[in-house]
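The same chain A turns up in both complexes below, where it pairs with chain B and then with chain C.
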Partner chain A sequence: MNWSFVIANAITLACIYGTLAIGISITWSSLGLINMAYGFIFALSGYGAWLAAQYISANGFVVMGAGILTGAIGGMLVCALAFIPIHDKPNFTVRGMIATLAVSLVGNQALLWYFGPRAKSLPPLFGSSQTSIFGVVMTADKIGAVVSSVVLLSAVLLWMRSSRRGLEIRAMMMNPHAAAIVGIGVRRTGFYVMALTGGLAGLASVLLSQTYYVGPFSGITPMVKGLSVALCGGLGSVFGAVIAAALLGINEAMTSVVFGGQYVLITQFALIILILLIRPRGIAGILDKAREA
Partner chain B sequence: MDHAVPQKKEVLNVKGLSAGYGPMRVIHDLDLIVYSGERVGLVGLNGHGKSSLFLGIAGLTGWQRGSIKLNGVEVGRTRSQGPGRYTHQVVRQGLALIPQGDEIFTGLTVEEHLDSGAFTPRAWRERAERKEHVLKIFPPLRKLMKTAVGRLSGGERRMVSIGRGLMAEASLFLVDEPSLGLAPKIGKGVLDALMSVELGQSAMIIAEQNVALLEGRVDRVIGMHVGKLKGEASASLTFQTRREH
Partner chain C sequence: MTTTWKNPVSAFDPEKPVEEVVTNDYLSPQSQWDATRSYNVPTPPVGRLRYYHKWAGHGDKLWHRLRYWPTRRRVLDISGGYNSKTLRRQKTIEDKRPIWWILSLLALAIAPFFIPENQQNALLTAGAVFGIYAAINLCWMLIIGTAGIYSLATYAVVGAAAYGSAYLSIHMGLPWWAMPLVGSVIGLVFGVIIAIPATRLEGFYYALLTLGLVELCRVYVIQSREFGSATGGLYGADSYIPQDWPQHAQLLLGYYAGLVLMILGLFLFRFVNGKRLGRVLRMAPEKREAFAEATGVNYRAARIQVFLISSLALGFIGGFYSAHFRGAAPSLFSFDTMLLSLAMLVIGGLGRAEGAVLGTLIVVFIDRVLVDWGPMRFVLIGTLMLLVVLFLRGGLFGIKEQFRAWRDKKKSENRSSRAEKGGEMLPEEATETENKDIIYFRRFDKMQRDFLKKLITPEIIEEHRKRPLGQHSEALERVLTYFRRQPQNDKYAITVIEPFKSYRLVALSGTRGVAPRLVEDKIYGSPDEAYHALFLRRVQDLLEA
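This part shows the complex of A and B:
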């Protein structure tokens, strides 16, 4: 077995899934919304990046920027359609899930109608060189995926730690009622959060399109994986999501080498079920130092 | 104005406020006026609407109707749902609500917590001085600034919660049961701190079960019973039923 290949794949996948999972996790804990339209945002930003590559420039930064921007716009669109009208109605959790699912279905069909069923491929963003790090052969796209997701995620987390808007988002993640009391507007924060997480989905989409293709339904599987990573890490915990992403990335890379790619989802869900049986609140249950209010 | 003494003005003017949750009505056509510089005690039994009155003023009850004027600006509205949807507008008009049972953000540090209370742009710019001010009132918080609030004791949490309210650029402070759930000595200390806050042009309403703690230290005491204000007394607690005016 080619261990370096497994490790390289595991790290790359962990970074991409971690990006998705953190987006889902932040949305859930701050807005109380399971964003089923995340796959749609993912696919949409893939097309945004593709259009930029076709009509503006195939420069890696331009394509990635276009993907992130489209993702952010898509996030705000979902927010305006499926969060703002219903967020203070009774039974919002279920309604929100249905509304975002509806946005996702309509959006995916619209993409299919407009762009057609044929998958598009993005130009290679990071060139095609190869380097060896500690004996692990990494291709340029894998290094690029790891570096860009780590850099962008750190930037996002740093922003959430240090800025005022980040403070508002974190406050809403911990106690929405108290956040309202100190004057944090739910709707405005909703737009920030959805734009931010949409941008993360856009990044993940561009990165994953280096291996796969951009298609109208290409977001479904990544969303399911991102959601399960977020669940596994404990919804609402960023650090838990990172650990879960690492675990599931290793699992996915190992499974495709040992058993073959078609068994990936089976072992993945078996692992998630196992973790949730032992830690019902996800991995973050272990990390939670502060006692509950 | 021809005199130097600051004019006593209405900070809060509530007229015909009704509020409740779903089919339940908790506040019944309530009128209340609070003037600047006033410290008002609100007493009454559990479940008679003290907290709901505060939440109603902040727009956080299930539904509400009636007029609420904060510094002359209307912040009341008739709404059947959407608790909290307009609260940030009320806060911007100068309301600081210090809720019952603290409502803290467990994972934030004390410092971040205080920052989160400075909501208006001006309060945010001045947050360093405001934090100093809060730390003067609650000195024990100084060495806890970097600690997550979820790890504090009940009394310390209460201090953080009140401190967060004091960070706001507010003209009306609503303090809900500051001594609730605390050891008597600590509860008394928290109340002492509240009494030491200089109000200036702002006003403060303190809801409290322990009337003895308020005695002689607030400007007037209002009783609350089944969703209505029932009696008013000066701080000496010689209760008289107020005639309808």
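This part shows the complex of A and C:
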């Protein structure tokens, strides 16, 4: 078992799943929507990036930009279909979740119908060089994935801290009713949030496609992993998601070294269940009233 | 607009000049009637009519009710009574759902004999799948609807039981009749394991966790060699369908076995949801748990109980599944299976058995019969699900209720847009008042007041001021007659403080023994002044009402 390879892999995956988890977390805490269509947005932006690579240019920035842009558009689509019509209706949380599941069903099947079941692969974005950092051999795509996800996530978090729109989103996260009272448009902010989180999904999709392929159902497993990370960190907490991503990454690396690769999911869920039994609202979640949408 | 009125009584005293007073023109009371009748604002129908067919006769028969074991329920909820108008005896069937259930089950039972020859295979296979999925969905409905636990791990339990029993059947020669029993044990064990986090986690945390569990099962089964990672499933288990039968007979047996499984699922749903556990849990809906707990309802224990019972049943169905299909496939754990099943529940309506069955019928039909459509059939299912979630509150079976609520809303909007002031009864009040005279009296009274309001002019007030008592002009006389006719409570009166010197206005209490109350502080020096003040007060009340 190659330690350095496992650690590099774990860090990369942790960064990518952390990106997804933060998107899910922000959506839940600001809109009260569990976005089950995240897998669909993920697959859609993979196809967007693939189309861009096919027809525009295989340049890394173009492909990544196209992926992020498609993800943002997909997020806005989901918002228009599943958030805008029912966000003020009774029983929104359940209905919203089911609506996003329906969007995911329709979207995935439409992707299958349009692009066919064959998986597509994206061109390598970061070249194929290798460097050694502290004795750990990192390939360029892993370094690129880690660096770009960290940079873009920091940019997003910085934007949320310092800009007017970010202030609105944070206000919605704290208290949606009070935010609506002081004049923050719920629907408009919904579009910002969904575009932002969709963009994050697009980024994760492009980065993960360096290792895996783009397919109509390729988004399901990353979504489940992202959900578990978000859940484990505490829905609504960015900080918790980061800690949880790191924890699960370490767990994944340790398990594959100690027990073997096929036990990763088992130990992962055992860990998640353990964490949730100790802290039912996740690592950084406050055991208080849940967000009432 | 004014005319002079000559007092006809003046003729009895020819020495005095004829008394002449300026008063209103004659206004016919008919004018008010015509105005009311010609009132033609668009008036949409308002009222609360609910039609139940009334069956003739009741009596001794009503007391000999057929009740079915082990409950004390009647087959049909029939109430007897009398028609309030004709006093004829009548019966009403309060709840017709049993009739619909029996008819639909009969239709399902005889359906195989009416299928065209060339579609026998497809439809009978789909029918068996429908039975199995309907049973699974009924159990899941118990978990989501009755227990209120958002568990998405239903297929983890079913799949585990299916895989476990198939594995035992292949490697240890378990006969087909033991597979559902072994499956139930596996299901119960899995249920206990899955239920542990449910005691701590709430709502969506639990839903997401169970979603992860299903994914875990799927990945494990795909990777594990014993569970057929190479062959794409575990096949070769014993089956209740004898392989030496002709194919049509095999399909028929599978169809009826699926149907029997569904009926067992329905009975389970009935006995859990409709009896003690269901009642207890209906007391503790979401966000009102604290109240239920305060009243002594142990809803946590009830929820876990329902969860375990459903897990046991799901395990049974899992064993049946592997006995039906001679094995199990990893597609049981796939995200799409869960999604389709959720679509079945949502389309029919969460929380009701008929919703689960109808939703399953629709989705299985689209999924298994319209195979030629390819991926478009999933798009159709998803669109259906999306539309139902966006527009319906309780699925297809909630349409009636939602439509009634919407109609009531529209009615009350119409009512408020045409409601008039002045004491007329609102339509709903009117339909529920026993004494219909009151309605007509109030309507008449309102018309009369509207008419009298037109008669109040400065001329007749001046006439009254000059001579409060005695013969008056026609208009003033009508007004005064109306005032005198009013009921005793809160009627104005004059009290004498000192004869010929000071008078005050009071209002009668209307109750014997209760003194009148003072209306104002003013003291009048003569009876006529007091009479006129009292008149003005009544006029004011009339105009304000």
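We take it that the second predicted complex is superposed on the first by the 276 of 293 C-alpha atoms of A that agree within 3 Å, B and C clash if a C-alpha of one lies under 4 Å from a C-alpha of the other, contacts with A are read in each partner's own complex, and residues count from 1 in each chain.
The rule we apply is simple: a contact is a pair of C-beta atoms (placed from the backbone, for glycine too) under 8 Å apart; a residue touches a chain by one contact, two chains touch by 3 or more.
Quick caveat: nothing in here was measured; it's all calculated off a predicted structure.
K.L.:
So, A:A102: does it touch chain B (first), chain C (second), both, or neither?
P.N.:
A:A102 contacts chain C only, not chain B.
K.L.:
Compare chain B and chain C by how many residues of chain A each one touches, and report the one with more.
P.N.:
Looking at chain B versus chain C, the one contacting more residues of chain A is C.
K.L.:
Classify the contacts of A:A80 with the two partner chains as first (chain B alone), second (chain C alone), both, or neither.
P.N.:
A:A80 contacts neither chain B nor chain C.
K.L.:
Tell me which partner A:V62 touches in the superposition: chain B (first), chain C (second), both or neither.
P.N.:
In the superposed model, A:V62 contacts neither chain B nor chain C.
K.L.:
Just to be sure I read the superposition right, which of the two partners does A:M254 touch: chain B = first, chain C = second, or both, or neither?
P.N.:
A:M254 sits against neither chain B nor chain C.
K.L.:
Overlap the chain B and chain C contact sets on chain A and report the shared residues.
P.N.:
The overlap between the chain B and chain C interfaces on chain A comprises residues 90, 290.
K.L.:
List the residues on chain A that touch chain C in their complex, please.
P.N.:
Those residues of chain A that touch chain C are 34, 39, 81-82, 85-86, 90-91, 93-95, 97-99, 101-106, 109-110, 112-113, 217, 220-221, 224, 227-228, 230-231, 235, 262, 265-266, 269, 272-273, 276-277, 280-282, 290.
K.L.:
With touch defined as at the start, can you tell me which chain C residues reach chain A in the complex?
P.N.:
Result: residues 150, 196-197, 200-205, 207-209, 211-213, 215-216, 219-220, 223-224, 335-336, 339-340, 342-343, 346, 374-376, 378-379, 381-383, 385-386, 389-390, 393 of chain C touch chain A.
K.L.:
Contact residues on chain A for chain B in the complex?
P.N.:
Interface residues on the chain A side: 88-90, 164, 167-168, 170-171, 173-187, 289-293.
K.L.:
Where on chain B does chain A make contact in their complex?
P.N.:
Touch residues, chain B against chain A: 58, 60, 81-85, 87-88, 91-92, 97, 99, 102-108, 112, 115-117, 119-120, 124, 148-151, 164, 168.
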